[in-house]
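The structure under discussion is supplied below as structure tokens; questions concerning it will follow.
Note that the chains are named A, B, C and D in the order they appear, and that numbering of residues resets to 1 at the start of each chain.
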Amino acid sequence: NMVDFNLSPTQQAIRSAARSFAATHLKTARSIYEAAAAKPDARWEDRFRSTKPIYEAAAQAGLIKAQIPQALGGTGGGLIDAAIVVEELYAVETSASLTILGAGLGLLPLIIAGTPDLHERFLKPFLDGQKAPLASLVFSEPAGSANYADVGGSGLGTVAVQEGEEFVISGEKIWATDSGGWDDRGADFSCVCCRVKDSGPDMRSQVAIIIVTRSDIEANEASAFTVLSHPQTVGHTAVNGPHIRYKNLRVPKSNMLAPPGKGADVIDLTFTASAALVGAMGIGVMRQVFEHALAWAKTEKRGGNEVMLKKQSVSDLLIKIKIRCEAARALTWKAACAFDMKPESAAAAELCYAAKILSSESAVESVMDGISLIGVSAYSRAHPLGDLLQDAMVLPIFDGGNVGVRRRQIESIFAMPGYDPWEATFGKASPPSALNGTH
Amino acid sequence: NMVDFNLSPTQQAIRSAARSFAATHLKTARSIYEAAAAKPDARWEDRFRSTKPIYEAAAQAGLIKAQIPQALGGTGGGLIDAAIVVEELYAVETSASLTILGAGLGLLPLIIAGTPDLHERFLKPFLDGQKAPLASLVFSEPAGSANYADVGGSGLGTVAVQEGEEFVISGEKIWATDSGGWDDRGADFSCVCCRVKDSGPDMRSQVAIIIVTRSDIEANEASAFTVLSHPQTVGHTAVNGPHIRYKNLRVPKSNMLAPPGKGADVIDLTFTASAALVGAMGIGVMRQVFEHALAWAKTEKRGGNEVMLKKQSVSDLLIKIKIRCEAARALTWKAACAFDMKPESAAAAELCYAAKILSSESAVESVMDGISLIGVSAYSRAHPLGDLLQDAMVLPIFDGGNVGVRRRQIESIFAMPGYDPWEATFGKASPPSALNGTH
Amino acid sequence: NMVDFNLSPTQQAIRSAARSFAATHLKTARSIYEAAAAKPDARWEDRFRSTKPIYEAAAQAGLIKAQIPQALGGTGGGLIDAAIVVEELYAVETSASLTILGAGLGLLPLIIAGTPDLHERFLKPFLDGQKAPLASLVFSEPAGSANYADVGGSGLGTVAVQEGEEFVISGEKIWATDSGGWDDRGADFSCVCCRVKDSGPDMRSQVAIIIVTRSDIEANEASAFTVLSHPQTVGHTAVNGPHIRYKNLRVPKSNMLAPPGKGADVIDLTFTASAALVGAMGIGVMRQVFEHALAWAKTEKRGGNEVMLKKQSVSDLLIKIKIRCEAARALTWKAACAFDMKPESAAAAELCYAAKILSSESAVESVMDGISLIGVSAYSRAHPLGDLLQDAMVLPIFDGGNVGVRRRQIESIFAMPGYDPWEATFGKASPPSALNGTH
Amino acid sequence: NMVDFNLSPTQQAIRSAARSFAATHLKTARSIYEAAAAKPDARWEDRFRSTKPIYEAAAQAGLIKAQIPQALGGTGGGLIDAAIVVEELYAVETSASLTILGAGLGLLPLIIAGTPDLHERFLKPFLDGQKAPLASLVFSEPAGSANYADVGGSGLGTVAVQEGEEFVISGEKIWATDSGGWDDRGADFSCVCCRVKDSGPDMRSQVAIIIVTRSDIEANEASAFTVLSHPQTVGHTAVNGPHIRYKNLRVPKSNMLAPPGKGADVIDLTFTASAALVGAMGIGVMRQVFEHALAWAKTEKRGGNEVMLKKQSVSDLLIKIKIRCEAARALTWKAACAFDMKPESAAAAELCYAAKILSSESAVESVMDGISLIGVSAYSRAHPLGDLLQDAMVLPIFDGGNVGVRRRQIESIFAMPGYDPWEATFGKASPPSALNGTH
């Protein structure tokens, strides 16, 4: 052990593979889904559907398996390895990438909380590089998710009732990546976050996660699962995150993944890991902005007598972007490493949220700064930064909005008795007075 | 004279009329041009074309005439009155509004620099509320406009050569609002900024403005004026700002509006006035954001037990937006009043640029803050803030980008010998020592 | 009435007088109190005491009388006039200026809430330009003032009990400008904010303001009023704001200025007016920074081959400072004018708080930016910006800290039913639909 | 090799030792030098002088030796180890710490560029823990240092002329930490940056570094070395950085450390390393702020009914401070590691400058935010944050101001042909197309 920022050979290889996949399959993704959208009578969701071949290529290239740990038959390493991959994907493209990563997010509660039996029943299709099943974490609801566990709040609106050997699920969800499946009949595998009424004294303790597969849906009446609409989004336009409804959907009791009392903890841990990965997304976005803006500044004169990089106002913005990107990467990596060491520690969680907040907000500011320095040309959709802004602007508001749940989580950690701010860096503190004693 | 922020009865009436026009014609504008864009085989420019009835309504409501001073037969008052109107338009809609304001911008060089004869020849169609002609200021070029007058730079690429009784104009332009006309055959009236080669010792002194009307274009071969493309833009999607080409376009010598030696000054003065109006656009945008976000915060609980306005993090963002809007309005109004008093003073110009920079950047930040506080719901295109961000983000980069020309203009004013920073506020300074003498 | 930013001749005269006073008496103030502090055995409060001649000159120059309205025998105009004066003082010096302004603040509750009889009894010494009495608003307490009226809070700790024809006051106060007097035996006139226990159902309704004069103190035992300490402050080092204690201080019943039920409103209104004046202080500070930094940038080359103003990074910072100053002034003036029109309206109050927040935070940022651009030389105490930072940094945290009471006040205004965000600008809104009807 | 953020056991030990030293000797430092300053007839430099015992303790505790590499007889490890130490010192105190670190800076050119012979001659006293000699890097000049190597600039004003076996040095210097020595007769060892006129074609190539010891000074007439003044500084008040003058100071030829052609490179490399350490200083400052403000927020109610940590506005500021601190530390460590791997690479240098800029500016913002959240109490000098602001504000402007030299250095790196922005992270890039080939 010692402070070190060099990738191991394995990490280098993981990165190369991700980069190679991105160069081959993601570089052209936007043109594919924009072409799909431009077809006469195209519907919004045709964008998403047009990316199916990319998703299949990702599965074949091992990018789904890489999101499952080796102990469970996958090829995945730590969160730090995942962060390296996510950066490479988002440095090239966003929507098709999120479809791939959404599947990993959908499996995460199963990985964290699943029994060997559940792993056996549900992971197999995802370990097989040939098939390309979709998985989804189905948590968010139309009326808001930031306060789902609050005392005095309304709690999750999706409710499960046990009837004999089954759970009966009803309620509406929205935004869950991949949750509609390619044909609006559901993802192959979903972790549905819901509330088992009266199972605990407060909203938080009633939260459970129940597995719903596509076969479960098929075993019900058609009306048990409906895609109500595909919300058109400002960016990430080829992602699937429909408004859906469960209506008396019945699944076997054995699909319970995290029972009341445990569900909320699993959800929180899942979103803690994903926070660091949103950090990595922001880094990818900033890489794109910086590379594009630097190339522009090195060649454009805009009618003047020297290239724009020589203008201090321009280079100052480039420097801002670069420093933000470097800081976000260094912090995200540290958060991922801390999580890999102690996934359930508050100290690691704090860093993961910090990385999410810093990197996501930095990414938006950096795209705006890139646009500012390039000037009016960036307003043309032929230039990439306009679209990138629309993609980037979700980073602060999805995966737990930064104003709400993300900052509130850090606030709670600060409030914990015995909170040691530097534990993730130096280990649990021993007071300096003790040290003095050794003199 | 005394410091006063109350609108005069006339100003109140102007505002009411603009508000009424906006409520009647602009509120539905986006749905009109989005419907036009959704038609099968729709081209980009169909958005713009679908707004023609709105433009005609604007002419009938006197909004074109209001951009021409009373002394020249219009109904226009000062720049402060214009700012009040612009705010009301942009508080409701952006694209159709810019089409209206672009016409006023197109007339401004004529208003400033025209001889009585030129006024007589060219203003008439715009004074008649029944017709709805388009005017355009055709200045910007594909290779950049920030340094058009720079020593050592490449200068304007659009060049005019005198041949007998005519000027022959060649070159490419881009972005000029309304410059293509409804049918790509040009605006009814254009001020084309160009360079008369060798007419002066440096790039700046060679700049001229020549009037080109639709009839002038018709009198030439078709190839003399071509719309090369309609750049698709990130926002302001229903605005007309095509990439155009003049190729040996001949116009009568008497169309010279501002000859070499005078052209650059007229361009600068035109863009000084427009800077204050971009300030007003930003105010309109911030009004929209604030009203929308406040209404949201007063009603939404997002699963918690109190409305979001009670959350300090949310209200702090609302307060930021509100203060920015108030500051931008106060400064914009001051700039407009200073311009109305002394349009050609550097002191007034500085304030106009300051208002443009402050308000445009504040507008973008405010939309982003509005999105942050509303959270993930704002990522749906059903919510207005995503589209508004795309519209707002042009404010810092058009009408002279803030990083380039706008800040550079203030820099030059600072560098002037005898510069008095508070002249626009208190009049030219007399040194305090003089005051002491009165004791 | 019409939007106008020109000073009236009276306002010009007021400004000239303030400027002249500042040039004569304030320019040298810092050197006076630093010299006092440098004397062997100097105590902290000697700085303040050394400014007594300046305060007397201010009284003679009419600056105290100018803080009392004409209707009550003074020469004061509106809050806008006060803002003009405050800017001129703070553009030259801070500490001695605050001593002058603190006296005005101390009189404000009397001006607002006093009966003719109280005016008669207490204003006279301040109207006479020969004497130079001190007045003080004694509100803040060691345990905090931001939540003094909160439900569930601890309320003001200074308590008054009626005993026969007297009030008996006990409790500790801190920070009140001028409250110690030149000799630690109290200001000539103080408005002491306190709580009459059980006089109302909640903390807010129990708040009262009772007048305490120096003669009242003299009429008590010495122990009834004690200066416990003079807190050494980071900046504003020559201001008097001691930690004081009232212990069974008896004053006649007729000294009650604002009884329970009314006291809190008077305090709030007083601090609303002062908020706009803190805005003006920030403007003065920014003027100093800008003038100093601009002069530096126009002359210094720092070993390079051109003056620093030519470096875009330097001029960009100058531009930032200038724009902030202009925006703060425009908004502060608007707030003051709104207050002058409707002092008790929430609309005016919102603007006053906005001006305070914007200008105070802008001032601190601007001093920091000035230091950044000047670089290491600004770290020498021979340069003015280091001291100015220390003075400026109080603006956001005194007169109601911006994080606490100031933003919370705006939050409450937003929450009012029927809140109209643009009322201070355009008057109470009539809905646009109504306007349509007039067509 | 793999990405890892855990300290090695050695690093843990280094940290413990630094922490222990800080707890024992630095915690009381400010009270010591403030007491010295409070003595009657105290001069400015008495603050510095009063810290001599602390410096001696540092030497005994091995903190000087720790700044010399093991290969040269010291105990020093990499820049990352130094960064860990610096953070611990600045987390407790600033002035006495800088005195210690300034000595290390003074030795750095010798370490980098010294021949074995020079090492032998000059390092010995610093390796012996009993003596406590001072070393100083004497670079900065009154007229500015940012452009010392600029084409067309005035170059270093301190000039060396070779006369026989000696160099004769004349010129003025300022700010060099420790350069005056405890008694104004010079540091024990100084690296004097100067210009050997006409030794090269431009200013940069003429720069040399010549060693000047206290004995060299003693061997000259008294007038050859004069402390002209001790500039009083806003913060870091116990640091020694006098305005000094060399006047025909003669030193043996063999004192040439870096001859013309090499001097500027050595200076740049020295300041590259120190940039990362300024990053570490900023971290230490932010630690202080965070710990202080968090403790405050967990206990203070300010008259309200809950602790301030529960107020979102307060916790949002705490979160900002914490995230900045974590980001700055992660980036600084990365920069230090990159430097340790390839000290002369532009990629490492870029990160060191980035760390300096980010951390120094974050530190100032964080102190200001700490003050804002604590409110008016922080204006008392009894609270630590006011003094800390004054100390922190030097970080962006010393060691190369961020507006000038620091950003300009990054700008130049961006402009290098073949610049690869991610080299420090992933190694020199191979194009993704090559990777594709491996598929």
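The definition used in the following text is that contacts are C-beta pairs under 8 Å (C-beta built on N, C-alpha and C of every residue); 3 or more make two chains touch, one makes a residue touch a chain.
The shown structure was predicted, so the numbers you read here are calculated from the model rather than taken from an experiment.
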Per mean C-alpha coordinates, the chain lying farthest from chain B is D
Looking at chain pairs A-B and A-C, which one is connected by more C-beta pairs in contact? A-B
Using mean CA coordinates as chain centres, what's the chain A-chain B distance in Å? 40
State, to the nearest whole Å, the distance from the C-alpha centre of chain A to the C-alpha centre of chain C. 49
Scan chain C for residues touching two or more other chains and write them down. 311-313, 316, 407
Chain A residues touching chain D - in the complex, by the definition given at the top: 1-12, 15-16, 19-20, 22-24, 80, 287, 290-291, 294, 298, 309, 312, 315-316, 318-319, 322-323, 326-331, 333-334, 337-338, 341, 350-351, 354, 357-358, 407-408, 410-411, 414-415, 421-422, 425-426, 432-433, 435-436, 438-439
Provide the residue numbers of chain D that touch chain B in the complex, in ascending order. 311-313, 316
List the residues on chain B that touch chain A in their complex, please. 40-41, 140-141, 143-148, 150-155, 175, 231-235, 300-305, 311, 313-314, 317, 364, 368, 371-376, 378-382, 386-387, 389-390, 393-394, 396-398, 401-404, 407
